[in-house]
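Naming follows writing order (A, B, C and D), and every chain is counted from residue 1.
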Amino acid sequence: MKEKLNYSYYPGCSLHASAGEYDLSTRELFKKLKIGLTEVPDWFCCGATPAHNVDELLSLSLCAKNLELADKVEGDLAVACAACFSRLKTTQNVLSESEVKRKQVEKAIDAPVILDSHVKHLLEILARDLGPERLAQSVNKPLSGLKVACYYGCLLTRPTDVPNLDCVEAPTIMEDVLKAVGAETVAWTHRMECCGANFTLSRPGVVIQLTNAILDSAKAAGADCVMVACPLCHGNLDIRQKEIEGVYSVNYNLPVFYLTQLVGLAVGLGPDKLGLAAMMVNPLPLLKEKGLL
Amino acid sequence: MTQPIDTSIYIAITEAIRDEAKRLLLEGQVSAVIGYAGARRKGSAQPVIISQAEDAAKLIFSPASVNNLALYLTKAKKEIPKNGKIGIVVKGCDLKAIVGLMGESQLKREELYLIGVPCAGVLASTAQPSTGLTAETIAPKCTECNAHLPAGCDYVPNVQLPAPLQLEEKYIAEITRLEALTPVERWAYWKEQFAKCIKCYACRQVCPFCFCEQCLCDRNKPQMVESTPRPAGNTAWHIVRAMHLAGRCAGCAECERVCPMDIPLNLLNRKMAKELKELYAYEAGFEVNDKGPLSTFDEKDDQSFIK
Amino acid sequence: MHSEKQKHSFEPKIIAFVCTWCTYAGADLAGTSRMQYPSNVRVLKFPCTGRIDPVFILKAFQQGADGVLVSGCHPGDCHYIAGNFHARRRFAAFRKLLEFVGVDLNRLQFSWVSAAEGGKWVEVVTDLTEKVRAMGPMAEFKQLALEEQWSGTIGTPELKEAYNAI
Amino acid sequence: MSRIGVFVCHCGENISRTVDVERVAAQVGKLPGVAFATDYKYMCSDPGQNLLKKAIIEQKLSHVVVAACSPRMHERTFRKAVESAGINPFLCEMANIREHCSWVHENREEATVKAIEIVGMMVERVKKNRVLPTITVPVTKRSLVIGGGIAGIQAALDIADCGHEVVLVEREPSIGGHMAQLSETFPTLDCSQCIMTPKMVDVANHPKIKLYSYSEIELVEGYIGNFQVTIRKKARSVDEDKCTGCGLCMEKCPIKKIPSKFDCNLGMRTAIYVPFPQAVPNTPVIDRENCTKFKTGKCGLCQKVCGPGAVDYEQEDRLIVEPVGAIVVATGFDLYTINEKPKGSMIKGYGEFGHGKIPDVIDGMTFERLASASGPTGGKILRPSDGKEPKQIVFIQCIGSRAREKGISYCSKVCCMYTAKHTMLYHHKVHDGQAYVFFMDARTPGKSYDEFWRRSIEEEEAVYIRGMVSRLYQKGDKIVVMGSDIAVGVQVEIEADMVVLATAIQPQKGADTLAQKLGISYDKYNFYSEAHAKLRPVECATAGIYLAGACQGPKDIPDTVSQASAAAAKVMTLFAKDQLEREPIVARVREAGCVGCFYCKKVCPYGAVEEKEIRDRQGNLIRVVAYVNPGVCGGCGTCQATCPSKSVELDGYTDEQIVAMIEAL
């Protein structure tokens, strides 16, 4: 096993905007776990989610260029956002299968396409590279008693043979991480459903319907909170929760944590280092109740 | 300015080989060790087979250790004591031949003790054995080496191989040059090359893969390939030879080294290796394969050339 | 009934190596259907394309063939399960070798012709004949065959020196 | 020096119209080695053949070339004719100057020149022809049938009825296979047991059938006509000769809660058991893993109550060698399970359906057991979880089948029909219930099949929804089925009480291992490969081995039974003669040249190449060379083209013959 883990880091646009707490907690967590993280200089948008619906060459080229930039930094590429992760992996997949497209892209970005670099979601880094044993060793405040609904969303494992993160339809990687930090996970039905991220701005009605089903299912399964690994899922589940409660006349009050926030708590990071204040559904009462603050 | 190549580790390697050979022979683990010993000309080396522990001191490894000793395991094997394991000193390129021969049921791994040599390169056949190894005097095959450190050996001296220099890949360059020519120009090139051939069959004699008891080209009922050193027969011989080595030859380039007429024989072999790699993603010599690229198939193989 | 046949200055020799189950039968069908094609082709029957040794192609060129056709069963149709698959790889490699030594691959044609494809047989044979006719005789091997003497040139200074010393 | 006779045929006017046959005969007559050349109107006619025979005798001919039509037409005719005149038939060749010359060229001069060259080539070839003796192989007129399902039973009965002994080997304690598990069969809805059990009894009572149940194939040696098969007879712990099948042991066995594999784990069985009441043989077997006697050494109740003293705890596996001449492989199928990806399998599992963890999501075979009158519920459709009758039932087709991303791309062929049958059985038993079927296409080619499927919709009120299901999940005591109806273009959600998955048909586990023992080929899914998809669909490429049933590919019962009878007919054809004769176009190894690289073995599609050890008189191994078994060789010659030293030669197509033809150009 490698002793010192080192990664290049592609935060993606959301983490520099609406999901600042994800970025903050990721950096703090990695620092705490002594994992090297170097932000790719000069990175730019991966194009998710509109680009690939509009212009395939553009979407492939954006990712290919980012991959090329990342290749100049030592270590595998760590990605926080499920959509960025999906686009980068898809790009490698598509370009390794089509020589024609590869040549087009190479011409467009005026650089070679990097097909063999390892793009890794933060989950993979925690669950595989670091591993549950070493993660457990860093825990000083186990999240015992906290019942978490792990929400994968639609992009993290799909489609078959592209992300290769875990079993496509019944993954356990999030649960594996949470178990290592002492939390309880609930079995629930909607952990792989789509939250409608693509329609967040254009057709909020659809999003409210889809997101409500997810929150309803998590609540019904007895979860205290939801954990996500994607800023887009977070946007829908957290920011829209009040609105949904109003539309459906229900009361969920389910804090929606980022993966790095929960793991960060367990390894002893304080609320300020995890950006808990930025969450719309206030998690502090829950955490106090469970004795985690 | 020619770039010198660091071969200082060869001294440590020589020591290590001697110690290991001595130990093996003393313990009776092997009946003989095939290696290199110094020869008469200054700096030169020649193959040697030792069966006594005290002879271990004869063993050396130097830039003149050019021979592919795998040869002595097949055709010349009769000279080697048959009982028990045989130890052999192998460079990465030689090991590829041994790996190939295992896949062709000619050698058994358990009958060999492989003493692997980390190798920074050996001298070209045109260089004097006493000259130092430089970007100029290095054998062309070493410029394209991808097996400086032989894998899977029983023993490898614990030395740090200096980082290999980026050298001009001579065969690739020459293949690219020839491919760019017209068929007529290429024919003229090879016609001139093959015309030099004197049918001495040194290339066949030195090739670890030419292990047939009776060569197809020596048969006269029917005569498939003309055996006299006429241009027609020479051309046929070299085409048949390249075809028979396709998918098997891993590029030890011994054929080219021993050719008295300096025919670029390995060029044909490298061209075939390149094509088979492109067509079937096959590269000879890295693992013991039951089947090579031309003894198996995939239903989806390319057939764009077939009407 | 038929128009006067055009006279050509050069009639190429075409040798076809075919498998008995598909292409030979396809050529028979062309006959029973009374299709017409140039008379330049000579057919050698093999049980299977798997039996066809690359040396035969070489030998055919050396014996004065101007064009060579190798034809067998379509993939999956082989009477012997997989002979044509083995042949496909063997010839994919061999044609690359011939190309590299300077044989114009327009003289060497491979095809799959099934027992039902009499028309395709006619088309393949006619195309190859016309193509080779346009290219003219295969001079390379014929010239080699005529060269009786050792015709090497002494290329390197070392050789020249050695030669002068004799 | 050879004395070759050349006979040029006019073929009425078919040849002579464009080819100057007299000139051909005259020209060819001048070739060295040709002693006699003539032309004749119809060579294949009786007078023509007599002319040939007379010339052979009078002219003392050694070889013959008949220049006429295609050898595919008359090679047999002329070879027979020369044989009757005392020449080995393989010293006769045909030059094709009709299909390849007179019929395809109109210019008389060109055609004549071509004809002369074609005949010249054949003259050179025939000079190099060798006398080839007919190869005969003795035939052991007994056959082995592997698998005791409907395919194996049918093949065994057909062969045995013809008077030949059959050795039938079944892995399970009873024959019957999957068909014994089925409730009713499409498209006639007759009871499977009713048509199956009489056949099983016939097998048990047939004097020519030797049944090894609870046995497996250990080793197969030999070749067509002469196989030696080693069978492992697993320890049953009950002496088959003594047991009367009274069943007292099973009544008394205290371990009663073992899930029954035959009932798809819905019912329970004892530790000493027969899989189902009509089992053949009706001899129980002790499941040693679950038996108290074997686990702790205590109990022994079954032995105490057994009147004839048949229970034998000391019994061990036995190895039996049976010589047979032909083998029918009828190992059948297994159903794909939606559980997590098994190790080393290409199947990826159905996580979206809960990986098989929802109790009321069952497969088609489980439904058969529920619907079967002799099943664990006595034929009532009841949910496994709580025993309630499902009022809303969803059938989903193509689970695994036609799903490349799951690892299988083929169609399982029978699911459309059996799902239609299931909806009918359901409707017959649960009158107020509603069945839904999610399907991609309904594939119903077969006699009365489409009518049957239409009936399930039109009369039995099944609702067919064209579209696939994306997810299933448990919600309370319901299963929510989320799918799409692509005909209408809407998302569908059904709260079902039970879901039945039409899971894909796969070869039995271990099919590949058995294939390796038999030396037969199989595809990437482990289905066994037939020698020719169209013309030799029941034969393996390996001579003497035949295929029957679903081990070759998904099949329904009628197709399986037809193929089994076809395989039996092939076996009987083989057994019709005492000696197996075959064309001597086989490869032979020149041992002196062979260096044992075994490239020939690598490329041989028939597995005909063996490794032969050459030893000196003291028995020391000198070298290993290739040996081609003439009984198995198919005669393609791929070995020769591959052999670097040409130390293996295909008789009839030797390098000498071919080079002679090329040089004649």
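Heads up, the rule we're going with is that contacts are C-beta pairs under 8 Å (C-beta built on N, C-alpha and C of every residue); 3 or more make two chains touch, one makes a residue touch a chain.
A quick note: this is a predicted structure, and the numbers were derived from the prediction, not measured.
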Report summary line: Comparing C-D with A-D, the busier interface by C-beta pairs is C-D
Query raised in the report: How far is the middle of subunit A from the middle of subunit D, if each middle is the mean of its Cα atoms, in Å?
Result: 51
Query - Approximate Å spacing (C-alpha centroids) for the pair subunit C, subunit D - result: 39
Report task. Please report how many Å separate the Cα centroid of subunit B from that of subunit D, as a whole number. Result -> 46
Query raised in the report: Quick one: subunit A and subunit C, Cα centre-to-centre, how many Å?
Result: 61
Query - subunit C, residues touching no fewer than two other chains - result: 54, 59, 76, 82, 86, 90
**Report entry** Of all residues in subunit A, the ones touching two or more other chains
**Finding:** none
Query raised in the report: Where in subunit B do residues touch two or more other chains at once?
Result: 216, 224, 294-296
Requested in this report: If you connect every pair of chains that touch, what shape comes out? Choose line, ring, star, complete or other.
Outcome: other
Query raised in the report: For this entry, which pairs of chains touch?
Result: A-D, B-C, B-D, C-D
Query - Complex contact set, residues of subunit A against subunit D - result: 159-161, 167-171, 189, 192-193
Query raised in the report: Taking the complex as given, what residues does subunit D use to touch subunit C?
Result: 70-73, 96, 98-101, 103-107, 110-111, 113-114, 117-118, 121, 521, 531-533, 541, 585, 603, 605-606, 634-638, 640-642, 646, 650, 652-653, 655, 658-659, 661-663, 665
Report summary line: subunit D contacts subunit B in the complex at 592-599, 602-603, 624, 642, 644-647, 655-656, 659-660
Report summary line: Given the complex, residues on subunit B that touch subunit D span 104-106, 211-216, 219, 221-224, 244, 290-291, 294-296
Report summary line: Contacts from subunit C onto subunit B in the complex sit at residues 54-55, 58-59, 62, 75-76, 82, 85-86, 88-105, 109-112, 124, 140-141, 144-145, 147-148, 150-153, 155-156, 159
